[in-house]
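Here come two complexes built around chain A, the first alongside chain B, the second alongside chain C.
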Partner chain A sequence: MTVAETYKTDPVKGGPDGGIMRRLNVGTGIAAGIILAFVAHRVVGHLADDHVHQVDVRATATMVGWAIGFMAGLGAFTGPFRWMVGKDLTHADELFLAGKDQGIGRYFRFTTDHKVVGIQYLVLTMVMLGAGGTMAMLIRTDLISPNSGFLGPQTYNSLVGLHGLTMILATIIMVTGPFGNFVVPLMIGARDMAFPRLNALSLWLLVAMLPVLYSAAFLGGIPMGWVGYTPIADQGPAGVDAYMVAILIFAVSTAVAGANITTTIVTMRARGMTWTRTPIFVYGVLASVVLALPAFPMFMAAEILLLVDRLMGGGFYVPNRGGQPWLYQNLFWLMGHPEVYVILIPAVAALMELTAVFARKPLYSFRVAVLSIIAIVGLSVTVWAHHMFASGWAPDLNGPFMLTTEMISIPTGGLFLVILGTLWRGRIWTTLPLMCTYAMLWNFIIGGITGIYLSDVPLDYQLHGSMFVTAHFHYTLMGAGLTGAIGAMAYWFPKMTGRMLGKTSGFVSFWLVQIGFNVTFLGMFMVGMEGQPRRVVHYDAAYHTGNLISTIGAYFIGTGMLILLYDVIASWHHGAVAPINPWGAKTLEWTVPNPVPLENFAVLPVVTEDAYGYGEPAEAEPAPVPARVGAGSDQGEGAMT
Partner chain B sequence: MSTESLVNKEALAPEEPEDFGERWRTGVILIIVADASFVVALSFAFLYLRGINTQTSFHPGGTGVASLWWPWIVTAVMFASFVAYRFGLEAHEPGRRHFLNAGVVGVGGMAAALVLNVVEMYRFPFHVVDNAYSSAVWVIAAGNVFHLVITVFLGLGIVIRVQRRVTRGARDWHVRIVGIWYAWVCVAALIGAITVTVANGTVGCPLPPDQPDPGARSVLASSCSSSTR
Partner chain C sequence: MSETELTRKASHWWQSEDARLLGGLWAVFTVLGVIFALIVPDHLMGRSASNTMTEVERTFTAFSVASAPVAAVVWALLVYSLWKWRRRGDWTPDDPDGPPLRGHGWATGLWMFASSALCLFLLVWGLAALSSVDSPATASTPLEIDVTGQQWIWTFSYPDNGGVESEDLYLPVNRPVVFRVTSDDVIHSFWVPAMGIKVDANPGMTTTTQTTPDRLGVYHVKCAELCGLLHADMETDAHVVSSADFDSWASAQGGSQ
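What follows is the complex of A and B.
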């Protein structure tokens, strides 16, 4: 029985069915957002007319007005308001919110169905990655020669900051957003997320955030890079206000999503799904959101303090008023380093999940995988200050932070061993998702080992702030994280869309991206070791060759990504119809029909064994493709492996 | 996962109110974890800046010091409201009609604490721009105001719902879960009050005796020397 049905059997004095709630959608949200932004701009502008920080006050009020208006116009506050006045949504309204019988329109409403939210997250992530990627192409084009003049210094600075922030935010949500929402409830045998309205809220907050974030480009940019370091942030243009408000919205979204996903996994697993029978991808998502939950409020606090500095003349980061930029760096990196694992763990866990499927072997040492994930989560909150070695903060602590940072490579190595052990003597079925596993192993080895270099204090003093660092974190976040997300998309695409992703274009895209990626960032390692600083628009002619190589590699990546985008759109539109379980996988999401019914399972499953019972490699054959079953047919309901 | 397991009819059991409540309780506790991280970050910022005292300007001598009366009075009122709410929760019965009086006292107390908190901010003997100390005290007070606004919203909602007899079955859990939030905001206010008290113990000199806020005299003149480390 669903929560909605619980309500149905427990009739109360609810409000009437329907009402204005059913007329709200993204269009009304935009209209309300614009109106409230305009009102806030005028009213606050009038009140702060002679205020010394009036530009920042007015810009911030406008952006906050937009976000609140957009969410209100979309209907995000209808539920809480009706809760407060004791007129809960009726069963019919709950079904309406879930998107029942609404066709494509449900993707443009405050829809609560986890599958709709998952698809919305997927599209949003692709939009953000596309925007960030386009900026990367512009940056690399500018760097094709020492003084190309393609972008002015101000534009370049702004683009570097926006590219970084866009990509970080996109990579944080790229696995837990689309797949954590769409796949996890199916994988654990639940009918929906624990809090469906919070689920929609977390998604639409991000949509509200995007115009705020990109308004920075028109408000002087974010000259301090994606990290938002003070004191530049204290003195920067109104673009910094956009940065702050965007981070605040993102942090709220992350907290809401984290609480929701964690509650779902902890309390809604199917009967019999003990922790030892829970698929490794679920662990990965859980670790990610559990880590994000306390981490992002730290970042939020840092931005609140910055907001007080910029809008009210506060003294948190201003040394002559007793403030201290190191405070910002500490709060930022208390979020910033766990955030790396927020990105990486679910991506690697997705690859572990699919590696077992395509190797036709049980996941090698499931417990080592789980313990490694737990160890990474624990250690990741003890390493933040290795980003501050060169800042001069607490030199006595350099040694301990070097040690903890190097220690985290041990459980990370554990994850490598699990994947390699799973592949070892497996009956390999080479598909695009599995190719992503190979690519991740290669890239993450390079990213991980160069990370150990950077955790070493003397070497960090040499390499800090150079292109070497840029290459290192691209190898981890893009080479491992994004590659993992692409693998996850290729793997779950049939379940999410009901279509198979095109094979040939998928492989072409894969090789272009991976070759281009290594060309780009190996070149960047080279110029970084030679001393080229990052975030600098004009560089010495001695670094020309390396930069030229990197730019050529970047064009390969861009071309490959465009092919992948084409593949996704074309396959989604007219790709081969996917069977229920095209990979012969054993996790629960592959037991439900395509498209997945509103309440997922006709009969809730009871789990009696783990998800990796593929048998010995010698006996295992790729599972035969099951017969296709139409959505909602009797055969499909509660379908089986 | 086997085929047989998926058609086990036993699985189709109605969701118990306790399961529903367990889920809500877990969710609220996780939101509180995130909020606690935020509160701790603010407290850390205050104490870190006080400890490092950059350019001996964290709180230069002679500038205003926050009253210790206000944060502790606000915290005490909040705790009293929470106790009233808990008292109401003890009278557990379907529909929770007996909860109503205690619920009204609870939300009224939180509203009073909100007003006191705003008055406190209005009466600060400094401006937020003065120094890092004044900024930090202001932010901690503002954070408490934010907590109280949410608490009054939730408290009011619960009272209305009980009055409308909406709190039945699984929804009874809403009453208990709002109680968890009440407890947390009291703890958060306590953290804020302790932080200001600890910081006040070593900063600044008292303002002249004619300054309007009696709490500003709570810092002894003997501690002034520590403000110019």
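What follows is the complex of A and C.
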């Protein structure tokens, strides 16, 4: 079968072009969501007359009603519905769904083009990071002095939980969402994702999730932190229902996105792009979503059991009804530790990708990079109970879990070797993306070493639940992960927006954020070692110095992030126009014009070598003539010829 | 370009300018790291009040010292590459690329061997320390104390002393003590920072932790698991007193000795 035949579209039967789907957008989605939420609230209110659980049942039904109504009103179910009644989408309908010739309006519709979805993810991620960052500023302001009284205990406890959850969800999507969607299909030489409608579905589910998540703040808050430990979650107010429903929606979104990205990468790489010629960033994204596929169903299962507990009196986690809080913790951390690598691997892989470009050298030992990623993926599902050393669950297993945890440091060291080896004797071009590589190495070595302390059981007995842990995982998820995402954003910004990021404001923001970051979390290590627990609204005067340092550092981060936000908005609007390949990179996304046309490639590329041939003599033989496949041609028979 | 050519001309890699300067940087960073590791953690974690905490601080210092050369490798390369190999001005398409090094079997092997050896060291040390803090004391009969967490107070009960109950923890110095920890409502976590012990208080279950307090004084007992509204206030004092003082305290509370 030739490439051309692969792209032949089946003739579509029935149904004229158009229909109601052309009138649907985010506005009709919100309207339908509110209507269905209201209906669900009234109907379920009548049905559930059990007074113990009535509040929670009504709240949950309202939120589920909102989510389904929003997705239906947006047009997410139009395609499957028309297929079921035998009137499939016509080719013109498919092009409409892909956002053809719709300008800015396509960003507010259920649009299937992977580039639109990528931009939507980027904006959504920035909104969530902004919300989580604002909460962080409130938390740090409260902790500026031992008894500031800035926030009450209930507000504070809820803020800590919502900050954590917001940031975890945002960091999970921050690389695979924007860049996995926008860049990966371009990088592998594909016209779109394998399942474009699922792609749009995964994005809009997250939009439906956000109001549910933040409704928790108005429903009594969440008393139990982002981890949602039971049985305190069983006794919490209706805010906990919002937490559960938000997690369920997020888990569906992750599953859909994970299946889609995996299929795309495995089946849609350009001709000649063997696994040894596939760029390392594609491996990073693949590893992340493959790891998320088994991880998030664990979280979903944990929340479904909690839902049965809270809405129907199940008692899975309530000891005096035969339940087991440790069951929740095991399910939660079976998601929770792989999730750390879901966040880290694609961020570090993006930095590997761009380090080769800015050092003007091949990636050092591609093989070690790939094997390290595979080893981390494999080991990361075997370490979850190191979060439970101090819980009292199965003390005999502490030794084995310490072993698996410490073994992860070996492939993690492999990632360091690849990046340091790539920098070795390179011709270092210190752009903002490459500076993010340097910052990541600095932060990740601190995050990694402090992780080793926590993997040691006796040390963990002392440090678990203290500010030391908080500082440690901020060093990994923020210092390494978020820094990597900022580097990726700065690197691919010219391709995604067609404009260059501002140089000066980028560097000012970089130094403010990185210095502020290290000040904040070194202060937090300090108070953690001195004995301050996590998640406390006030603390002993003895810990004042470290907390004051932390808060000052946090304000630096906040200022730097605002400058970065300004830079992004201003450059997007009126930055210098970017050339097709501003960095002189060799991956395929830099061969397409700006703005990237609807089906990406006029002629599908054929790959004959990997993308890291810096400083190597060009291939002696010319590349074979690529198969000609016309963009947007429904016959797929070379409109270009 | 001078330095890369110099590197190639050197007869052995360790005679190259890169290797010598990097080695120097690495040595400086390692020394600084070791000094930091020997002073700062001990200082921040305060004076130990039990044999467990002594072990915790020893491990913390040992791991910090062992980490110093590792972090120094990364720091030295960061500083050196920015200092020596940095391009002046922006890249243009006519610029020559860097040397096409696609990996070096010997260097990769050494790196992997060193990190595996360090990992093995951590594991052996960790298992030894774990068996030392988890093993029941043999020297004398341990004092058993039932600890109950509830929103948001701790209650300590002394079955050996006729079931005396107290909201302050009293411990005789130099006598092993076993805490049997449980909760009346949600999960709490029983933590005495100065003694290096922590275990969750789970409703419906009993967990244990043990130590031997070895210094007189008043220390904090804290809750280390978010347990609701007044989690931050769930604190009390741990008094480590002489054996005689402990006995008189117990009888003053109405208990037996």
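Here is the rule we go by: the second predicted complex is superposed on the first by the 602 of 641 C-alpha atoms of A that agree within 3 Å, B and C clash if a C-alpha of one lies under 4 Å from a C-alpha of the other, contacts with A are read in each partner's own complex, and residues count from 1 in each chain.
Criterion: a contact is a pair of C-beta atoms (placed from the backbone, for glycine too) under 8 Å apart; a residue touches a chain by one contact, two chains touch by 3 or more.
For clarity, every value in this text was computed on a predicted model and none was experimentally measured.
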Which superposed partner A:Thr262 touches (first chain B, second chain C, both, neither): first
Partner chain in contact with A:Ser466 - chain B first, chain C second, else both or neither: second
Contacts of A:Leu331 with chain B and chain C, given as first, second, both or neither: first
Contacts of A:Ser365 with chain B and chain C, given as first, second, both or neither: second
Which of chain B and chain C A:Gly130 touches, first, second, both or neither: neither
Partner chain(s) touched by A:Gly19 [first = chain B, second = chain C, both, neither]: neither
First (chain B), second (chain C), both or neither touched by A:Asn320: both
Contact residues common to both interfaces of chain A (with chain B and with chain C): 319-320, 326
Chain A residues within the chain C interface of the complex: 153-154, 157, 160, 223-225, 229, 231-232, 235, 319-320, 325-326, 359-368, 390-392, 395, 398-399, 402-403, 406-407, 409-410, 413-414, 416-417, 420-421, 423-430, 438, 441-442, 445-446, 449, 452-453, 455-459, 461-462, 464-466, 526, 529-531, 533-540, 583-584, 612-616
Chain B residues touching chain A - in the complex, by the definition given at the top: 1-15, 17, 19-20, 22-23, 26-27, 30-31, 33-38, 41-42, 44-45, 48-49, 52-60, 128-136, 138-139, 153, 156-157, 160-161, 163-166, 168-171
Interfacial residue positions of chain C with respect to chain A in the complex: 4, 7, 18, 41, 44-46, 52-53, 55-56, 59-60, 63, 67, 70-71, 73-75, 77-78, 81-82, 85-87, 90-91, 93, 95-104, 107-108, 111-112, 115-116, 118-119, 122-123, 125-127, 129-130, 132-134, 181, 185-187, 189, 191, 193-194, 196-200, 202-205, 207-209, 220, 222-232
Touching residues (chain side chain A, partner chain B) in the complex: 1-3, 5-7, 9-10, 12-13, 83-86, 88, 194-195, 198, 255-256, 258-260, 262-263, 266-268, 270-272, 293-298, 300-302, 304-305, 308-309, 312-316, 318-324, 326-327, 330-331, 334, 586-588, 591, 603-609, 611, 638-641
